[in-house]
Amino acid sequence: MARTRLYRDGTLVLEDFPVADISDHLADPSSVVWLDLCMPGPEDFAMVGEEFGLHELALESARNQGQRSKLDHYRTHEFLSAYALFVDPRSGRLSTSEIAAFITPRALITVRKDDRFDLEALVARWDESPDLTRYGVGFLLYGLLDHLVDGHFEAVHAMDDSIEQLEDLLFQEGRRQIHAVQRRSFVLRKSLVGLRRVVLPMREVVNSLMRPGTHLVPEPLLPYFQDVYDQVLRATEWTESLRDLVTSVMETNLSVQANRMNLIMKKVTSWAAIIAVPTAITGFYGQNVPYPGFGKEPGFIASSAVIAVSSVLLYLAFKRKDWV
Amino acid sequence: MARTRLYRDGTLVLEDFPVADISDHLADPSSVVWLDLCMPGPEDFAMVGEEFGLHELALESARNQGQRSKLDHYRTHEFLSAYALFVDPRSGRLSTSEIAAFITPRALITVRKDDRFDLEALVARWDESPDLTRYGVGFLLYGLLDHLVDGHFEAVHAMDDSIEQLEDLLFQEGRRQIHAVQRRSFVLRKSLVGLRRVVLPMREVVNSLMRPGTHLVPEPLLPYFQDVYDQVLRATEWTESLRDLVTSVMETNLSVQANRMNLIMKKVTSWAAIIAVPTAITGFYGQNVPYPGFGKEPGFIASSAVIAVSSVLLYLAFKRKDWV
Amino acid sequence: MARTRLYRDGTLVLEDFPVADISDHLADPSSVVWLDLCMPGPEDFAMVGEEFGLHELALESARNQGQRSKLDHYRTHEFLSAYALFVDPRSGRLSTSEIAAFITPRALITVRKDDRFDLEALVARWDESPDLTRYGVGFLLYGLLDHLVDGHFEAVHAMDDSIEQLEDLLFQEGRRQIHAVQRRSFVLRKSLVGLRRVVLPMREVVNSLMRPGTHLVPEPLLPYFQDVYDQVLRATEWTESLRDLVTSVMETNLSVQANRMNLIMKKVTSWAAIIAVPTAITGFYGQNVPYPGFGKEPGFIASSAVIAVSSVLLYLAFKRKDWV
Amino acid sequence: MARTRLYRDGTLVLEDFPVADISDHLADPSSVVWLDLCMPGPEDFAMVGEEFGLHELALESARNQGQRSKLDHYRTHEFLSAYALFVDPRSGRLSTSEIAAFITPRALITVRKDDRFDLEALVARWDESPDLTRYGVGFLLYGLLDHLVDGHFEAVHAMDDSIEQLEDLLFQEGRRQIHAVQRRSFVLRKSLVGLRRVVLPMREVVNSLMRPGTHLVPEPLLPYFQDVYDQVLRATEWTESLRDLVTSVMETNLSVQANRMNLIMKKVTSWAAIIAVPTAITGFYGQNVPYPGFGKEPGFIASSAVIAVSSVLLYLAFKRKDWV
Amino acid sequence: MARTRLYRDGTLVLEDFPVADISDHLADPSSVVWLDLCMPGPEDFAMVGEEFGLHELALESARNQGQRSKLDHYRTHEFLSAYALFVDPRSGRLSTSEIAAFITPRALITVRKDDRFDLEALVARWDESPDLTRYGVGFLLYGLLDHLVDGHFEAVHAMDDSIEQLEDLLFQEGRRQIHAVQRRSFVLRKSLVGLRRVVLPMREVVNSLMRPGTHLVPEPLLPYFQDVYDQVLRATEWTESLRDLVTSVMETNLSVQANRMNLIMKKVTSWAAIIAVPTAITGFYGQNVPYPGFGKEPGFIASSAVIAVSSVLLYLAFKRKDWV
């Protein structure tokens, strides 16, 4: 179901009215309209395309999945493509929800390509700043971008938490831990690749809106877009930091693994020696040659003594070297 | 065999007419011509060079294999060099097909350097947008670039799928799997190197067409070239992401290998100990000295008991440490 | 408790007067005011917001934790966000203290988000240059930035010392050493990531103040801001160098580990051989077949001689190869 | 021996005339002179310096070995420094031959710092394009750069072939192969470092010649310099690709090594077990205690059966795991 | 002791006159003065500060250790901070000597922060070009920079030699060699980090002197500064190359280590097997069961034959695989 809103002279006057009424409402030059379409069909696109005079390429971009985050300028309107981000807190796996928007001088049309985008949070974001509604479409666009970028930042934050958990695992002992670090750091690196692909282009999107000469953003709204831009930069810088951190985790994990290998090798050596030496001694006393004590009590005593003493000495020697 | 097309006032009026008729057709100032040459010989080059007044350097570039993707400006025409891409879905191996094009104000001459380029798909792409044919050579060029860049994007997509398959292999057990990851990630890295070499320069190619002052692209076509440019950027960014991903795969594989090494070492240690301890005990009871129970039933019972108990204890100890 | 200062015609005339008096003091056009708020509550923000006409976004940025280091320009004032840095000299762990500042033509309002920032050192910094106080807010801002950037540089320096200590550990023997290098280099890399996030944006902050056309900095103060900028650059370059150094340490550590592994393996081989050969010989003399010397004195002598000679020869051979 | 050439009105009129005649020939304003000096002595430099009015710094640069590839502008002439490249096809080792050139409005003086540069090929290159000789020094310079850059490209190509051979080695078995990959990839990386140092600065050299306002290159020659520039870019991009490839080879080699290590470890485990178990059993039957079958035929049969069965079972078990 | 020099109308007229006479000498507008201070005290700084009207920040920078290499512009003079470099040829360890300089229209004041800088070489450098002395302070500055940058280049060269020696070590056998490669490549990487920190900022220093509008460098001297700039670029590029080389060395060393590990493992396996098989056979003949030949001559012959044959066969098998 499509959602609609009508603003007139900076106040919300109507909500959820039928899409068919939009033309009538727009007849009043002081009115501004928001229209949301969720997974619209071809006929919906045809309708809005005609009603708002949208370029066929913009419509096609809104129809197709997997667009870049971008802001395309057409003669009579702008086209925005962006992503909302979700991070699974347990695995650090990233998923996205694509959103498109047409921005005309008096209407904002949002197109959700799936239903995972949190529309109510966006509406609530708009209603939080009633004093800015008088800036019309510029304000609606600001609210949309602010909501998206806040979401990006939260995703970065969630990813940071996931890496923090990973770090805690890093120096813990145990077989499962190594496996977990491997898998999770791999998932995190993959998620970071996806995160970058969504977050980095937002810089250009928001920046192009703030360039002098673009009349899309009224002057009093500029600090607000600057604020969104700062948030984008922060998310970008943080994302780059996270890449560094995951790389550190992976490299440290390799070193931890190498270290464990060394410890195991030392243990192998030590215990192999502690067992091999008595075996060699019993071999000696198992010979069918008349060594001193052959077949006699003193032989047994000698054998047992040598075994006991050599084993204990070896054990202590290795203990001192911290090898067993 | 050369293919030809004649557009007049924005409509296709003739197809596959003899190359010799081109001069006559171009006499009419409203006509636009497309000529395709597949692996042309020197005499073909001489002919088109004279007919369209092409620069000798452009002709030489079209003749030679292995040009950069580029757009060269000459006084009376432009020269385009680009590549179509093919990805073997099984191995992720990349192969290319080189294409050159001369762009004069009223003719597009495409030169295929082998016959792997899908010409029919290009023609179909042109026939999809009959309403744009009125923009003449600009439209033909747009269709060509759109077709090429879509192909690049598909190649990136196919590569992404290959990496996805590789990731599935990554944490699987088995000797063949490690070998497969090594070989395939190596092939993929090599393909990505080739991919970058083809995709990255396209940015400059498309961008230089859109610069103000280049009268090659009529203003109404600009959004279409912008669309191609967005696609190029998307392919470029994705390619960079893939590099990151393959690197992650390779590094994770190294860590997985190190981990397996550790597991094997632990197993070696454990089983070596479980076998060595009974051997040492039998060595003891094999001595030719009168140890308690020498040559007597209780000796055998003691020996067997010690062997059994020590083996089971060791096994359980290692089991608890998750080493066997 | 809020701290205050009043400068008139370039001299400090009042300190720690009540916040409520600020309006009166500012009535005199030659007066300049400094106000510091530590962890202010909503009512404090409301008060300064109204008193100095601050933008709501600036106030919100001052309220929230975790801002980027940035300088935002509003119509009537500037907003600065920055961090003081602390390095734990023992572990190299970095911690930060966030500070915000509103800069109006005649007032500097600093907002500390926790109480770790060393306010007295800042005040002392200001009192060090009495001849510059005549430049009003520009001077106060210079003192603040100089203090912050000096702190950043000290943090970089402390980090450098930590890395130096790490290097000393690198080629030392001992199990604990490897563990220490791993943990500490990991902590250092993490701290460097944090350091970069604080230090790098300062370049843009200080640079934007020095751009021609910004009337924030009076011309005679320009060399002083240039000096701060040089310090920022130095901290930045040094930070990048430290990244290089820590990477070198980690990679060298891996190589050191691999080398130790090799040494251990050689030892294992050598000692295993030195023990295994006598064992094989006693096995020979333990056979129940009439080998030469079976059950006779010469057999024992032969056995002992072969064991002794082979063990000594092996030991010497390995010693010469530097394996034991 | 110095080589000379005299062009008049775009045609070659004299060759290999004495250096002393140059002044006379240059008296005719339509004449253009080429002079080549191979490893000239101080008196040669003094002579050309005076004859052509060359700057002492340019002369010094031509005298010294190891200049950067660069184009220096002096008031009355230009100074070019560049390198010819040679790749040993067997080892991939790179060597260079330095060349300098003074470019005055009517003379090109080339200075070879050793005799490895292929002068005849350069002269042949010039004679290939008789229709361009009318552009005087600009043409001579174009021919020189085209020859040099073609040589760079061939070097890149030869290096690519060397890497291709290395890749073939990568997955082959055998001790010598690993050693070969190590040595050759190291040599290739070193050669690539040298290649970059020669090729990258050529971009700036050729580009600075094509900048508007430099009257060195007549307008009709611009496409030719653009062509050289394209070739430089191609060589540059390819060089960067090769770095990627060699890195891939080295990293894959590390992974191949780790994999081999794992395979060997598995074999060690398996065969150690297959030998250790029978040894343990014979140890049991070697005890001097009355185990069932002690000293009797059935004991021998039991012992042999247990040995045979356990060995075969172990072998099959390992075989199924693909460990032996 | 301070050194001084007085130039008048481009000729050196006085040397090592007392510092106190400088004011008198500068009264003559055609005179140019050089003053060198080595580790000056506060009163020296006060004196030159007043005499030449130097900015307090410049003086402070000259007083403090550890400045960036930079050129700061003040209203009446410039301030230069730079480093001379020394490389220990045996270890490749880098050390620096800091130097500062004040540049007024008619005086150059150099401040050495320790006595390692080779002042006599600088003076000799100046005396080499008597024909340039007429350009006054610009010439003195050129001589200083040329001397410094030449020193940087020599340091780069010495580092290159050190790396070359390291490469020779790389494929040599022996325990000490690996240790040496580790330690030396670590020292070299550290030195390169320091080298970059000194060399890279020189680009900006020299470049800012050559910018149009800076009247510091008279036009005829421009080619000389360009020459210094070329040298700086060459040192910079070479430094980057060296980083690449050291990284190659370290990575190749890791691979060499892994390879050695594999060789050792193979040897372990082989010799372990060659010893274990005879041990197993003697174990068989040590059983107290009536195996064929028990207690009889043929048994001994059989045992000896099996031991000899199996050992020789194993040895040959491993020899063929190149494992022993």
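Chains here go by letter, A, B, C, D and E, matching the order in which they are written, and residues are numbered from 1 within each.
Definition applied: contacts are C-beta pairs under 8 Å (C-beta built on N, C-alpha and C of every residue); 3 or more make two chains touch, one makes a residue touch a chain.
If you want to know which protein each chain is, UniProt gives these names: A, B, C, D, E = Magnesium transporter CorA.
Note that the structure is a prediction, hence the values are computed from the model and not measured.
Asker: I need the common contact partners of chain B (Magnesium transporter CorA) and chain C (Magnesium transporter CorA), sorted by label.
Answerer: A
Asker: Count how many hops through touching chains it takes, at the least, to reach chain D (Magnesium transporter CorA) starting from chain C (Magnesium transporter CorA).
Answerer: Contact-graph shortest path, chain C (Magnesium transporter CorA) to chain D (Magnesium transporter CorA), evaluates to 2.
Asker: For the Cα fit of chain A (Magnesium transporter CorA) against chain E (Magnesium transporter CorA), please give the angle of the superposing rotation, nearest 5 degrees.
Answerer: Angle of rotation between the two copies: 145 degrees.
Asker: Could you give the separation in Å between the centres of chain C (Magnesium transporter CorA) and chain E (Magnesium transporter CorA), each centre being the mean of its C-alpha atoms?
Answerer: Each chain's C-alpha centroid was found; their separation is 25 Å.
Asker: Just curious, how far off is chain E (Magnesium transporter CorA) from chain B (Magnesium transporter CorA) if you go by their C-alpha centres, in Å?
Answerer: 41
Asker: So which stretches of chain A (Magnesium transporter CorA) touch two or more other chains?
Answerer: 254, 258, 261, 265, 268, 272, 276, 279, 283, 286-288
Asker: By the document's touch definition, which label belongs to this structure's chain graph: line, ring, star, complete, or other?
Answerer: Graph shape here is a ring: one loop, exactly two partners per chain.
Asker: Beginning at chain A (Magnesium transporter CorA), go round the ring through chain C (Magnesium transporter CorA) first and name each chain as you reach it.
Answerer: Order round the ring from chain A (Magnesium transporter CorA), first step to chain C (Magnesium transporter CorA): A, C, E, D, B.
Asker: Within the complex, which stretch of chain B (Magnesium transporter CorA) touches chain A (Magnesium transporter CorA)?
Answerer: Going by the criterion above, the answer is residues 167, 170-171, 223-224, 226-227, 230, 233-234, 237-238, 241, 244-245, 248-249, 251-252, 254-256, 258-259, 261-263, 265-266, 268-269, 272-273, 276-277, 279-280, 283-284, 286-291, 322.
Asker: Name, in rising order, each residue of chain C (Magnesium transporter CorA) that touches chain A (Magnesium transporter CorA) in their complex.
Answerer: Against chain A (Magnesium transporter CorA), chain C (Magnesium transporter CorA) makes touches at 55, 57, 61, 67-68, 70, 72, 74, 175, 178-179, 182-183, 185-186, 189-190, 193-194, 196-197, 200-201, 250, 253-254, 257-258, 260-261, 264-265, 267-268, 271-272, 275-276, 278-279, 282-283, 285-288, 293-297, 299-300, 302-304, 307.
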